[in-house]
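Structures are listed in the sections that come next.
One chain, chain A, appears in both complexes that follow, with chain B as partner in the first and chain C in the second.
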Partner chain A sequence: MNARVAVLVFPGTNSEDETLRLLRAFDLDADLVHWSRAHTLPAYGAYVLPGGFAYEDRIRAGAIAAHDPMMDHVIAGARSGKLVLGICNGAQIVLEAGLVPGTGAERTPTAAFTKNAPIPKFICKHVYVKLAIAPDRCAITAALPEGALIPAWAAHGEGRLAATDEHLDEIARGGHMAFVYAHEDGSTAPSATPNGSALGCAALTNIEGNVLAIMPHVERDAWNFNHPDRRAGTAMLAPSGGSLLFKSFAQAVRRL
Partner chain B sequence: MNLRVVAIGLKIPDNEAYTALVALRRAGVNAAKLERAVVWRVEDTGDAASFVERVEHNEAIFNPNKHTLTVLEGIVPRPGEVWVEEFVEGDDAKAYFGGKMIEGVTRAHRCVSWRLFDEDGAPAGTDVVQDAVDRLLCNPAIERATIG
Partner chain C sequence: MRTLGSLPIAGCSDGEIRRLAQQHGLALRADELRTIADTLGRDPTVVEAHAFDAQWSEHCSYKSSRHHLKKLPTTGESVIIGPGEDSGVVALGEHNGERYGIVVAHESHNHPSQVVPFEGAATGIGGIVRDVLCMGAEIIAVADPLRFGRIDDTGSHQRYVAQSAVDGISAYGNAIGVPNIAGDLYFDERFDDNCLVNVVSLGLVKEPEIIHSHAPHDAAGWSIVLVGKATDPSGFGGASFSSVTLDAADEAANKGAVQVPDPFLKNVIIRASYRVFAYLRERGCTVGFKDLGAGGIMGCSAEICSAGGFGADIDLDRVNVAIPGLRPEVIAVGETQERLIWVLPPGVVDDVLRIYNDEFTLPLIAHNARAVVIGTVTEAKRYVLHHGGERVMDVDIDFLTGSIRDELPFVHKASTVTESGAQALGERAGDLMNVFVDVLSHRDVCSREPLYQRYDSVVRGRTVMPRSQGVAGVLAPIDDSVLAVALAVAGNPRYGKIDAHHAARHAVSFACAQVVAAGAAPVGLTDCLNFGNPRNTDHYSEFVAAVEGLAHAAHGLHLPFVSGNVSLYNESSSGTAVPASAIVSCIGTMRNVEGVITPGLKRAGSELFRIGTGGSHVGGTVVADLFGIDAALAPIDEGRERNDNAFLLAAIDRGLVRAARALGDGGLLAALAQMAFASPHFPNVGAVVTLASPVALFNEYGGYLVETDDARRLRDLAAEFEAGITSVGRTTPSPTIVLADGTEASLDHLYRSWRAPLVEVYG
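Right after this comes the complex of A and B.
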């Protein structure tokens, strides 16, 4: 029997429904789990933290949610090898919890997804992210082809990776940078990065490779109707490129 | 040119401070009360007598229906207080004040003040403030904290 997947809902989460729909499209046994039901989380084998504005981004994006009782279970689960996928605000929470890059102590972040640069404002832009590690470096990307190019929507005001030079070096050398921003042709020039993110980073993984924190919304380019270049005559509900990551995630869940 | 420091807090209930206090206590920080304000350290060429009025006229940072304004005597945090400041490029006052200048102000630094108090209402000790900083209030990747 496949492991069950919990889609965590904090006060202020807003992308849970499309995330749940996509998980179920890949035949995963997935449920929404609200913050008042934290005690049910140990029964799940994988956790997905969707986008939104958990706890209204109070103090910093993801900071309060990282201290929510639900995260006690997610942190414990990650330590025991369960899969954790954080998307956008979920990625910020995972980072504030110290799960990625995972080189510091629990709930002691060594980096941040912070205000975009050079203009510190919200962006909503169609982007591409490119797999920048060997696929099997991270369990969640293991079924992707090498250098996989995935369309997504960057929709954030605070998505720029920032850290000290020492920690950026640690991220680069440790193979933590799972995805980088890229152009549609796969080239990775700085102009492909919409938010000034250090190293062009779009996603981080941890040392063990069971946690992935990705800023752009892959689930918002999961169906043809989400895609700006949808060809005439293609089915609206046919899977689009963003679903590739979830397909790979589903295969990782089946391996648990 | 004078350096002036002003704290803009809330006169309405501060949900963010309450949420932060709950999270801190859950993390084991021994604080009974938490107050939050935005502290502006500005270089001002105008006269002191009109400073408060000039700041209060900037609706981007001050709303008389919900904010209080306190001119601070010192240029460092008070006991039990930490100022958390983001690493940002430059200190252009116009950029900080929502695009609207304050007459006479040439430079500005913005930080968030957190004041922690113990059960008796006294300012929390430095060790408690440091604990709060380490556990929640400051992400050293993007912020610096100055403790009173």
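Right after this comes the complex of A and C.
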């Protein structure tokens, strides 16, 4: 039997429904788990943290949610090899919990997704992200082709990776940078990065490769009707490019 | 009955009553207070006076507008619920044997946004989504028609309003996770003292699962349950505040009347309410659910009970409050945000309280937030409030909520301007390419992206066409269904300044046209009427003329108004009113999302056609503004527009249309440029324009610009429909637009002229 997937809902989460829908589209046995049901989490084999504004992004996006009792189970699960996928606010929470890049102590992050630059405001923009590690470096990306280019929507006010030079160096050398922002043609100029993120970073993985924290919402370019450049002859209700990451995640869940 | 703290009306002169009203912060007139005392047969208590003050305000009672609004058509095949409840509902279509409806509500939050723009605009979004939620619907979209003053002076209040209101809309809408898919933005000096922040929201509901804004027929003895934020002193006097003109001297009181937004709590209340909907469906329960807006607990509970033919008995001591010692009138009519009221049968009350308070832990989300039983629906049609063990209000509920009416004088007057302006434009326009660039960088045409990129337009994953791609927003709201809904707004203040009646008709026409250009069939309209003080005959006459214009247009286009709102008193103490602003939204539906049309040019070598002519007038257009031309608005023929709309939808249905855009601000060339900018191949699909007449290139009224690669069949179909189409030019593989006089501009240059102006305002 496949592992079950929990989609965590913190107070302030807002992207749980579309996340759940896409997981189920890949035949995963997935449930929403609300904060008052944290005790049910150990029964799940994989955790997905969706987007939103958990705990109103007080202090810094993800900072409070990283201390929610639900995260005790997620941190323990990650240590035992369960899969953890954080998207947007979920990525911020995963990072604040210290799960990625995972080079520091628990809940002592060595990097943060913080205020966008140069304009320190929310931005909603269609983007592409490019796989910047060997696919099997991270279990969740293992079924993607080398250098996979995936469409997504950036929709965040705090998506800029920031860390000390030393920690950025650690991220680069340790192969933690799973995805970088790219243009539609796959080129990776700084102009492709919507938020001033260090190294053009869009996603981080941990040392073991079982945790992925990605800022742009791949699940919002999940169906052809979501995709801006709808080419004639494509069925609107068929999956589009953003779903590929979820498809790869589903395969990783089946391998558990 | 407590007699202490009554207002001694009996035996007082009008002057004394006015002083008394002022002392208590009441906007009620002396004659109204006298009517209340006479009907009650005694002096009203302070709580009663404040209750009538809210309930009889223009905001709640529509006392000077309701009888005019009756002229609007409100019925039709697509109407599931027309005006009268918190939102209207139009039919979307059937999926898997179930009928779905689109819930729509449209309101203003003008005064609060002028005084405290971030909070004012944020609570505008917060309020409108509650109106949709309480119909039992999933909230699927918001839109924001905005009108601001001059923003050039970086230190001015009006620039601060323009920036901060957008921040508030962004912060609230993004946090609750509702995509912002449509809107528009205009600037004018007559919005310096009164901005307009209108908000529209859509919801999705299965028809049999609609929850009504009234107590069900067997509700006597049922519980009245208040859910949400703890009641505090914020928003006290809000209904009356929006029903008087803004006076700078009252700044402190004005600020106190603005509510405090809490999108974090709202996010949780929305999700908890969805869970309650599912629970009530399982139980097969019919209930009542209503948003708390103007008039707070009193207004909401009185309306939900009286609409069901009942009374209410409420104990204010049971209300969850933020601080102790609040006066009963503050608890009763204060407009603390993020609250709703349920009318529930006894068997389900405990479970509903458990869902809000335990499963979704409201008390842990915000200080003393919760769901709590505050009273009972009564057979006796009295509205009774208790506080501190005493009855502090006891009135006939229909007298409180019933329709009161102010007959105010108005005059019918035709616009004084009759010139078409065509000759003046011909004389003054000069080099067309220069005019083109000036039009693109005009404040009412230039790119809105710096503003709307602050809004999450794609949360919930159902967006088909966000504002970055289209003019109307389009959603595919049902999982695994090809049904789609489109939404667009309109209401041009440059037109409103010239002719309120025709401006209203153009607003209806343009809102519909944007929806049609996306490939959707218009099915319903909403309106928000933003005008000055109704006791000023000129301003009230504009209001009446606009309502008649809306009615005329809706009849002509065979469309119903299903929801709306009136916002009067949009003028400053100096007597300057906003331009006549009948702001309209149009909801369109699409049987198959495969038919969606985006405005971006698709390929080189296509032909470009204009549908409709736009006539010879230029009054109120962007070029008229640029060249200072006083002229009349174009006459409008809704019968012909309806035919043009049917023709375009048929052409789209037959696959003859690659791209389309409704012609609006800036006219044909502005539309063409924006279609080139929106191209997936930008800047590599340009155009050659063969039309030379400045009037044809820059007039704005009605019609479409379409790209086709089958000109012959498009012409044949146009002949079949007897629709007028004109060849405009063709698309090219070069990154330029070439005009009929041979002048050429690079798309890159045009794009920069169009993209730049609002960057320094919105980043």
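Assume the second predicted complex is superposed on the first by the 254 of 256 C-alpha atoms of A that agree within 3 Å, B and C clash if a C-alpha of one lies under 4 Å from a C-alpha of the other, contacts with A are read in each partner's own complex, and residues count from 1 in each chain.
Just so it is clear, a contact is a pair of C-beta atoms (placed from the backbone, for glycine too) under 8 Å apart; a residue touches a chain by one contact, two chains touch by 3 or more.
Everything numeric here is computed off the predicted structure, so don't read it as measured data.
Participant: Using the superposition on chain A, tell me whether chain B and chain C clash or fit.
Facilitator: Because the two structures are overlaid on the shared chain, the partners are seen to fit without clashing.
Participant: For A:Lys121, is the partner it touches chain B (first), chain C (second), both, or none of the two (neither)?
Facilitator: Touch partner of A:Lys121: chain C, not chain B.
Participant: Applying the touch criterion given at the start, work out whether A:Thr164 contacts chain B, chain C, both or neither, answering first, second, both or neither.
Facilitator: first
Participant: Quick check on the superposed pair: does A:Ala78 touch chain B, chain C, both, or neither? Answer first, second, both or neither.
Facilitator: neither
Participant: Pick one for A:Gly51: touches chain B only (first), chain C only (second), both, or neither.
Facilitator: A:Gly51 contacts chain C only, not chain B.
Participant: After lining up the shared chain so the two structures overlap, which partner does A:Pro109 touch, if you call chain B first and chain C second: first, second, both or neither?
Facilitator: Only chain B; A:Pro109 stays clear of chain C.
Participant: Mind computing the angle chain B to chain A to chain C from the CA centres, in steps of 10 degrees?
Facilitator: Value: 70 degrees, nearest 10.
Participant: Please name the chain, chain B or chain C, that touches the greater number of residues in chain A.
Facilitator: More residues of chain A are touched by C.
Participant: Is A:Val33 touching the first partner chain B, the second partner chain C, both, or neither of them?
Facilitator: neither
Participant: So, A:Leu237: does it touch chain B (first), chain C (second), both, or neither?
Facilitator: second
Participant: How far apart, in whole Å, are the nearest Cα atoms of chain B and chain C in the superposition?
Facilitator: Taking the overlay as described at the top, chain B lies 6 Å from chain C at its nearest C-alpha.
Participant: Touching chain B in one complex and chain C in the other: list those residues of chain A.
Facilitator: 55-56
Participant: Can you list the residues on chain A that touch chain B in the complex?
Facilitator: Chain A reaches chain B through residues 55-56, 58-60, 63-64, 67, 69, 96, 107-112, 114-115, 162-164, 167.
Participant: Within their complex, state which residues of chain A touch chain C.
Facilitator: Chain A reaches chain C through residues 9, 11-15, 17-18, 21-22, 34-36, 51-53, 55-56, 119, 121-126, 153, 155, 217, 219-220, 222-223, 225-226, 228-230, 235-237.
Participant: Per the contact definition, I'd like the list of chain C residues that touch chain A in the complex.
Facilitator: Within the complex, chain C touches chain A at residues 167, 170, 174-177, 263-264, 267-268, 271, 358-361, 364-365, 452-464, 466, 468-469, 476, 479-480, 482, 484, 593-594, 596, 598, 680, 763.
Participant: What residues on chain B touch chain A, complex-wise?
Facilitator: 15-16, 19-20, 23, 26-27, 86-87, 134-137, 139-142
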